[in-house]
Structure formats: C-alpha cells, structure tokens
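What follows is a group of structures, each given as structure tokens.
Across the two complexes that follow, chain A remains constant while its partner is chain B and subsequently chain C.
Take a look at the complex of A and B:
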C-alpha cells in the first residue's frame, strides 16, 4: 500500500515536471526576439554560427524534437549562457542557489521553533490572555507585507541603532572560499585566521533577513497548530482522558500533540513555496546574493535565458520539496496512504 | 542547531585568542561602486564607472597630467623627448617596475619596452594576436583616431620606446596620459597565448598598479590585494574591495551603517543627510564634464535641425538645475565647460521658450505633435546625478507642446550596449573629461569615427566638423587652436546634435577615518594612497 502511494506521487512528480519543462521551453518562443538567441543566450549570432546553432538546437526540426533536445540539454546542464554576464546559466544557478536555500532553511527552522510552541500555548489557553496576545500578534504579522517589514527593520536596527549590517552575507573584507555555498558551513570549513570574527559577522548578517523571511510562515504555523490542536482537543478520546482526571500537560503532550501535529507537518512542506517567493523580495532588499535577486535583476535586464533557467530551477525545486514533504507526511500519517487519488 | 552551538563553543575554546584575531577592518577598504565593470582592461571602454574601478588601481600609464598645472608628469616613463617635426616621441622607461604576481601569473622580468610596444600595437595592429580579442573595439582610441595616427612603435633599446606618428598631433601626449592608455604585460599575454585563453588578458588583469586582482563576482564584489612591490610608494591598504551597489540610496544607507567606507556620486538630495553625520565627510570637486541631451540625428524627425532646436527650446533648464542638480551644478553655455581654456559662451544657445518651440515644430510640419523615446541612465553620474528625474521634467515640459515622451531605462551596461547600436530616439547622457585638452570633448563625442563605433550618441557625422577638429590638432599654437575650437563650438550649437544642459560637481562621501582618496577634475578616482586611521 505504501509503495503504491509513493509510486503515485512519483508519477505525479514526473507529470508536473513535464508540464513545467513544456512551459519553460515555450518561453523561448514567447519572449521577444529570436528563439535561437533566447535558447542559447548568444546575441548577435553571425551567419556561419547560425547554422551550427540551429543544428544544435534542432530548430529546423519539428517542435517535439526540439523539445526533446531541450530536455536533453537541461539534463546535461547546458542551460545556455546569460545575456548579461556571458557565462553559463547553470554555473550561476549552482553558485547562487545555496544562498537562497540557506536563508530559506534558517527561516523555516525559526518558524518551526517559534511557531509550533506558540500555537500549542495558544490552544492550551484557549480564549485566555496568552491566546489573545498570540492571536493579536499573529494577525499583525500575517497582514504586514514582507517588504515593508524589511524596510522598517533596516530603518530601526541598521540606520537608527547601527547594530546590524543591512546587506550581504558577510562583510566583504572577509574572504571566504566557496565550498558548499552555505556561508556558515563555508566559514567553519575555511582555513582563515579570522574564522571566529567572520562567523559572528555572518550571524549578524543573517539575523534580519531570517527574521523578516520567517515572519509569514511562523504566523501560518501558529494558526495551523492552534486550529488543529483545538480540533483534536474536542475529540471524544480527549474528553474521556480528561474525565479520567489527567492534567492539562498530560493531555496535551501525551495524547493530543501527535495527532495535532500531523496536518502541521504537511503545512511545513507547503510553506516552502511561499518561502522561496518571499525570499526573492527579502534578497532584493537585503542585497542577499541568492537566486531570487539574480532572477529579478535578470528580469530588469531582459536577460531571457537567465529568466528561463532561473524559473526552471526554482520551480523544480519547489515541486521536489512539496513532493518530499508529502512523502514524509505519509510516513507519519497512515490514513493518507489509503487515498486513491494523488494530489498536491 | 545544537551542532552550531557546539561548533561555536569549540571555536571559542580552541585557540581563538584575542591576539590571534586579525581585525580585517583596519587593513581593508570597501568602496561602494555603482556598476559592474565591463572589462578589467581600460583600453576597451570609455565608461567612467569601469575606469574608476580599474585604471588607477591596477595599472600605470607612461605619463600623467598634473591636475593643477596641466603639466605632464613622469610615471612609467621617467623622461620623454619630442623630435623637431613633432612626429617622433621617445619615452625612456623606469627600470624598477614590477608586474603583479597573482594566482594565475608569475612575472619573471620587470617592465621593459616590449610591454609598451605590445600594449599599443594591440590597439591598431591587426596582426597583433590580441587585436580582435574581447570584441576588438577600442572606443576611446578609435574615436580620437589614434589608431590612424600611429605609424609605428619602435623598441629603441630595452628601456626606450618611440612612437612615430603620421601627423604631429597636439593632443598626443594628453591622450597617452589618459586613464585608457594603461600598460599591460607582454609576458602575461605570451603565456595566455600558449594556453589559448586570450580573453583572460582583459578578465584576469595583470598590471603594475598599486593593487592586484584577486576575485570578481558579478553584481557582488571585486577584490584586490595590495601589490607588495609597487614601484612608486608603499601601499597602505592590505585589501581593496568594491561592493557593487547600483542603487544610490542603498549606497548611502551602507555608508551610514559603515558597510561602505567610500561612496562615489551621492545624490544631491542625500548630501544633507550625510552632512549631518560626524563620521562621514563629503568631498566636493569641480569636474570637467558636461551632461547633455543627444538626439539620434539619423532618425526622423530628429534629423531636422528645427525639431532639435524646438525640443531644446521647450525645456526649462532652471527647473532642472534646481530639481536635479539641487543648485550644485552649472548651466552650460556651450559644449565645453567654462573652465576649459578653449571655452566660448555661445550666443544662440537655446533658452526656455515654448512658444518658439511650437512655432519651430509647425515650420517642420509637425503640427500634430509626435511620440518619442527618451532614454534615461539608470545610475547617477557626475554630469547627471538623477537622469530619471530629469527625464520626468523633460517629459512634462514636452507634453505642453504636444509631444508624448516615453521614458526608457535599462541596466547600465545593457543601456550603453543598446545605445551603441543607436536603438534610441533621444538620450540623456554626458561626458567626464579624461584630459584637460579640449579635443576630449569633441572627438570622442561627435566625430564621424565616434559615430561609427557607437560612442557618438547623436549618431552625427559632419566631415566639415571633423576637418575643424583635425585642423585644431595640427598645430600647437594655443591661439590658433582656440580659434578652431570656437568655430567647432559654434557649429555644435548651430546644428544641435546634442543639447548641453549642465556641468555637475563630483561628490564623494567617505568615512572620516579614510584618508588620501584622490579625485581630480578629470579622469577616474585613485585609491593608491588611500589609508584608514
């Protein structure tokens, strides 16, 4: 049963990826300009290059054949070159993606660490003052646009108080070699005399973007945990347990929590897509050198191959993350495995 | 999370004592740059944003110009001799100049005549293996016709080079002293030929300047380290980092949080914020530059002199001076700034007169009005601190005489590239001088050669005008040259391929603990002597 479920998910994954690649492929025809230029990233293609390139991109053949050649090239890591930098797009993505991922992961971690306990407290003290305070804060956090929050934070912590830096991942005077692309890990792996200072500096740089980025998912998690907890607390077996004289903490931690957290786990996976979207805005504001800022710069520069590659990479990642979260969820929740139809 | 805490604890416990901590801050300087460099070789560009980052930091020239007296000063050449007919110039080189040793190149010899011969032959000798590398365009040298001027470059001895010219051109030495005429390493070029990676000459630079290249990450940073064996003086900074920050508000914010030590071109509107801080000082320097509005004279209706004049009459420059330059600039009365020795105020400089503008448009047969594109630079430059705002003012002024203006913006390097293809109708642009020689305002901007290589934003080519310029260069008598430049100025204002608007001031903000940053009235910034207290 479980295998069948996993199999269904993977079929769904393949289907989604197929749709995504068809969309990305069609972009090179939908963008203004010559499809050959948009696919290859080579501008001002000379006459003798043109034939060789058409051959390579199979532009003289039927659309399905062009598409297959596109998929093959994507799989081989040949994503064309960027108009702006004249460097392979795949290289850019490999270099930039870890920065975005790092930021998103820390934000997700922060939202789990703060969101779930806050949700539990809120449910445990339903309609008492802790619940009311948390609810008010959640509503505030929920309705604050991320760019505005980011600017407020910068105004206050960076410009007014001068406590924290407002841009980048680490002071540029620290030269940290790229090994994994994750700045904290790279600092620990690096062989420099200022390791400790650089580490503290990187944490300072991380602080504001992480807070800003984690605000929205934290609020979502608080609400979700609270609602799901309240629902579980209404169940008959909880009432029975309570009638037997169990204390509130015994009730919550021993009986309610595991069941209440099941939908929350699924929600954590779903948060990834909104996290990556918000990360783009956060990256632009905090000059975080990740894929979101690069993608937005590419849009501004009308760098079509880069937009195409960036979209493909980001969307593939989100689909993969969602499906993975789904699979993990199914490990915890046996009921869902019995669903006959896959859905995302 | 616990792993991180664990590793921090381990770090603290294992040998990270106070003495071992190197405070990077005092040994490095962060300069917030406004754009990515288009190349690391100044021969290939005329962009001030690229010159600032490369020329005086990585390289040296044969000679330089004293900003105050206008005299030539020795640099890599300790002396030079001009023949009687002024067609042969011989430079005697210093013998103690060491090239950079970097991760990708280790020099085995010091600078000699071969390097000079290689550097200049690349510019105009089609047989030089590097001539066509990186696009094969040398915009400055082509637009002033230097590639047509040099007959040959001869290695006289190990440390002596002479240039033979077809004509005795009075601006030759001035051009050799510009930021574009940097000396490259012939030995490095040879080693790249063996590896067949010729483009690396322009992407991984090797020069003789105070700093050597370490790393470049597009849109993020450029890192230089100090050149230990710099021939001129000891270099104080261990590290020089350019933080690439196109947005001028972000640059100012980084200045306030001390993430930048130096910021070029703050907006005039931001000067008061900077002035209110004790830890920041603002340098102000009169600079030889002009901000102008160029019309693509090959495109209708801008091919009609009356239309160009009508547009010039339609805009209120006083308003621009106030809103864009915040009264920190000077109105131009000619194509030359009034500090140039060849300057002459022009009587028929268009003034604000919308009625006359309408009349001129009617004469040109454009009663209905028309639509046009106005390209505005996305970055602040000395000559135009806020092109977007200027474009908006022009838009509203032109709207009054029935012209609909569409403002076009691109990222800076893309902007320049598209401009060179003459894809624009009209553009707000400008020019900062590289030498005090007045020719620097004419040949690179309006000559036919410049129209061909795309640097002439007006796409204007008039053989008569070119003749005036070459006559002015044929003589060294200042009075005669002045006469020709007066005529050239009259011709520009008469024909109006571009409309000179204003001359800006060069501003530079830096932390108070940063010293000795040299900005001059022409050319790029020099950080060679910069130090932090």
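Take a look at the complex of A and C:
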C-alpha cells in the first residue's frame, strides 16, 4: 500500500516536471526574438554559426525532437549562456541558489519555531485573550506588504538606530572562500583568523532578511495550526478523553497535538513556494546575492535564457519540496495513503 | 450541542429570518469586521472619485516646495497636508489618485478573476473521469508556481506595464480560484439533496443554477476577498519592483519605489504609501474574515 502510494506520487512528480519542462521549452518561442538566440543565449549569430547551432539545437527537425534535445541539454547542465554576462547560466544558478536556499531555510525554521507553538497556544486558549492577541497579530502580519515591512525595518534598525547592516551577506572586510555557498557553513569551514568576527557579522546581515521573509509563512503556520488543532479538539475521542477526566494539558499534549500536527507537515512543504517568491522581493531590497534578485535583474535586462533557466530551477525546486513534504506526511499519516486515488 | 436546539425562543426567531439577514446579523455583531467594511467602502469611494477629491493634479509640480515634510512638522506647509516629493508634487493628491490604480484596479482584477474562475471551476467540478484528472494535474503544476512568480513570468513575456500586470495577475490567480471553486462544487455535488434532484430528472444546468449556486455564492465572496488582498499586494509588489506601473503613474508601489532614494532625507514619502497599502489589505482581510466567521456561526445554529 505504502509502495503503491509512493509510486503514484513519483508518477505525478514526473508528470509535473514534464509539463514544467514543456512550458519552459515553449518560452523560447514565446519570448520576443529568434528562438535560436533565446535557446543558446548567443546574440548576433553569423551565417555559418547559425547552421551549426541549428544542428545542435535540432531546430531544423520536428518539435518533439527539439524538445527531447532540450531535455537532454538540461540534464547535461548545458542551459545556454546569459545575454548579460556571457557566462553559462547553469554556473550562475549553482553559484546563486545556495544563498536563496540559506535565507529561505532560516526563515522557514524561524516560522516553524514561532508559528506552530503560537498556533497551539491560540487554539488551547480559544477565544480567550491569548487567542485574541495572536489572532490580531496574525491579521496585521497578513496585511503588511513584505517590501514595506522590509523598508520599515531598514528605517528603524539601520538608519535610526544603526544597529544592523542593510545590505549584502557579509561585510566586505571579511573574505570568505566559497565552498558550499551557505555563508555560515563556509565561515565555519574556512581557516581564517577572523572566523568569530565574520560569523557574528554574517548573523547580523542575516537577521533582518530572515525576519522579513519569515513573517508571512509564520502567519500561515499560526492560522493553519490553530484551525487544525481546533478541528481535532472537536472530535469524539477528545470528548471521550475529557469525559474520563483528563486535564487540559494532558488532552492537548497527549491526544490532540500529534493528530493536529500531521497536516501541518504538508503545509510546511507548501510554504516553499511563497518563501521563494517573497525571497525575490527581500533579496532585491537587501541586495542579497541570490537567485531571486538575479531573476528580477534578468527581466530588467530582457535576458531571456536567464529567465528561462531561473524559472526552471526555481519551479523544479518548489515541486520537489512539495512532493517530498507530501511523502513525509504520508509516512506519518497512514490514513492519507488509502484515500488518494487521483485526488488532490 | 447547539445543532439540536429546537425550542429556545432566540434560535426559532433567528431561524425565521432569511439566510442573508442572518448572515448580516452575525457580521454586524463583529465590530472589528464592521470597521473593516467601512474602511473598504471609504477606499472604494476614494478610488472612484479620486480626481474630484484630490486637492492638486497628480503630476502638478510646485517648484517652491520640494521635499516638504507633512504639515504637522515644524517646517511643513499647511497647503500640502502630507508634504511633497522631490519634484514638488503633493503627496496627498498622489496617494488619493493611487487608490484608483492600486485598489480600484485590484478590485477589477479580482472581479474578472471571479468571473473566469467560477465558470472554469464549475466546469472542472462537474466534469468527471479523464478530463477532470488531466485538469487537476494541470492545476497542480500551476499551483506549485507561486502567483507572484507566475505574474513575473507573464510580465517577462508581455513586457512591463500596468495593464500587463493586470492580465498577469488574473492569470496567476486563476488556478487557485478554479481549485477552490471546484472543491466547493464537488463538496456540494456529493450531498443528498443534489442526488435527489438528479433522481427527479433535473439536468446539469438546473442543478447548477437552483441547487449548487445558491449554496456556494457566499463562499465565493470569501474567496473573492482573499484574491482581492493578493491582487492588491501583487499589483503593488510589481509596481515596487518596477515591473508593473511605471512612473509617473501614481500607483502606491511605484510611488514607494520612486521615493526609495529619499528614504533617509524624507522617510514620510516611503512610509505613507505603505500605510495606505496596509490599510487597504487589512480592510479586505477584515471583511473576508468577518464574513467567514459569520458563515460559520450561521451554520452552527
């Protein structure tokens, strides 16, 4: 049963990736300009180059063959070159993605650490003052545009108080060799004399973007945990336990919590999609050298191969994260495995 | 168990009223939601009558008053209540006119999305078998791409601009909308009274118009408020990223990014559009939340 479920999910994953790659492939024809230029990233193609490139990209053959050659090139890591930098796009993505991922992971961690307990407290004190306070805060958090929040933070912490730096990942004073792309890990791995100072500095740089980025997912998790908890607390087995004379904390921690947190696991995986989008805005504001800022810059520069590559990388990552969360959810929750027959 | 409460006076009196009146009673009891509704109505009026209300023209420049702080500041001028920007344009007038672009266009966007989303969602909900399966998988893929990213891609195709932003956001919001409407329809279809109608020989159109739609339209309004708040946030975010409305259009996000260079010199030019944006989204969310809890309370009686 479990194997069948996993099998079905993997089929779905392949199907989603196939559709995504068809969409990305079709972009090179939809974007303005010559498809050959959009695919290869080489501008001003001369006449004799054009023949060789057409051969390579199979543009003289049927669309399905072009698509297969596109998939093969994507798998080999040949994603064309960027108009703006004339460097391979795959290199850019490998260099930039860890920065975004690092930011998104810390933000996700922060939202889990704050969001889930807040949601539980809110449900445990349903319609009493802690619930009301948390509810009001969630509503305010939901309604704050992320870029405005970032600017307010910058105005207050950087310009007014001068406590925190407002851009970049680490001060230019510290030179950190690039190993994994994750700045904190890189600092720990490096053998420089200013390791401690650099670490503190990197944390200071991380603080504001992480707070800004984690606001929205935290609100979502608070709401979701609260609703899920309230739903579980309505069920008959909880009423039975209550009738048997269990205390409130026993009810919540022993009986309700486990079942209420199951759907939250899936929700955490779904957060990646909003995290990556918000990361694009956050990165632009805090000059964070991640893939989001690069993608936005590519749009300004009408760098079509870069847009295409960035979209493919980001969406693939989001799809993988969603399916992984789904699988983890199914490991913990056997009920879900039985009812999924082509349903969402 | 309130469900089995037949004989108390209050609930029988309550049950005699029409569902819509009951809903309004529950909504009215929630004062915060009511404030949200008033704010929403005020913003709507502002959006429709902006050029009449605004004291100065959108792009009217006052060269004698550059980067003037709001009037309550010591060096402020009472002619310009919220101050001026670097080109000497009255910020109050620009913000009032911005309501039309950010809030008004967002309402328009959400309305068009509702129209398309309900039609397609009902179609998805009523179809069965392979067709519905393929549709669902397609929705799955588009749902996994975040709406703002989708909008950014569509803008990359169409080129930056305010109108393109509207199209992009409509297309980006649609999958979510179709998904929600489809779920509502499927939920309603499985209920007994619909089965009874089928057995009485009603056709699909009849079931849809007489059976399903009267029971889901209030939920559609809730989905509408959610997509409206997303639309406001997305329009302003795209304006802020310089992918949407282009200066000198007085869209709130665009005003914000235009004045970003003066964040140190003139922080009010950055803070004020943000506050309005915040209130616009907050009022929408308050109305949506109030409506949702009113629906839940009415169901509980």
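What to note about this one:
The rule is simple: the second predicted complex is superposed on the first by the 340 of 344 C-alpha atoms of A that agree within 3 Å, B and C clash if a C-alpha of one lies under 4 Å from a C-alpha of the other, contacts with A are read in each partner's own complex, and residues count from 1 in each chain.
The rule we apply is simple: contacts are C-beta pairs under 8 Å (C-beta built on N, C-alpha and C of every residue); 3 or more make two chains touch, one makes a residue touch a chain.
Here the structure is a predicted model, which is why all the values come from computation and not from measurement.
When both complexes are overlaid on chain A, the residue A:109 reaches chain B alone and has no touch with chain C.
Contacts of A:317 after superposition on the shared chain: neither chain B nor chain C is touched.
Contacts of A:90 after superposition: neither chain B nor chain C is touched.
Within the superposed three-chain model, A:197 lies in touch with chain B and out of touch with chain C [touch as defined at top]. Contact with both chain B and chain C is seen for A:300 once the two complexes are overlaid on the shared chain. Residue contacts after overlaying the shared chain place A:154 against chain B and chain C alike. In the superposition on chain A, contact of A:182 is made with neither chain B nor chain C.
In the superposition on chain A, the residues of chain A touched by chain B in one structure and by chain C in the other are 154, 159, 300. Put simply, chain B touches chain A in their complex at residues 1, 4, 7-8, 11-12, 16, 20-25, 27-28, 30, 214-215, 217-221, 223, 239, 241, 243, 245, 250, 253-254, 256-259, 410-411, 413-414.
Touching chain A in their complex are the following residues of chain C: 133, 136-141, 144-149, 152-153, 155-157, 179, 229, 233, 236-237, 240-243, 253, 256, 260, 263-264, 267, 270-271, 274, 277-278, 281-282, 285-286, 289.
Chain A contributes residues 12, 15-16, 19-20, 27, 30-31, 139-140, 142-148, 151-152, 154-155, 159, 273-274, 276-277, 280-281, 284, 295-296, 299-300, 304, 307, 311, 314-315, 318-319, 322, 342-344 to its touches with chain C in the complex.
Against chain B, in their complex, chain A makes its touches with residues 83-85, 87, 109, 113, 154, 158-159, 162, 164-168, 171-175, 184, 188, 193-197, 199, 287, 289, 293-294, 297, 300-302.
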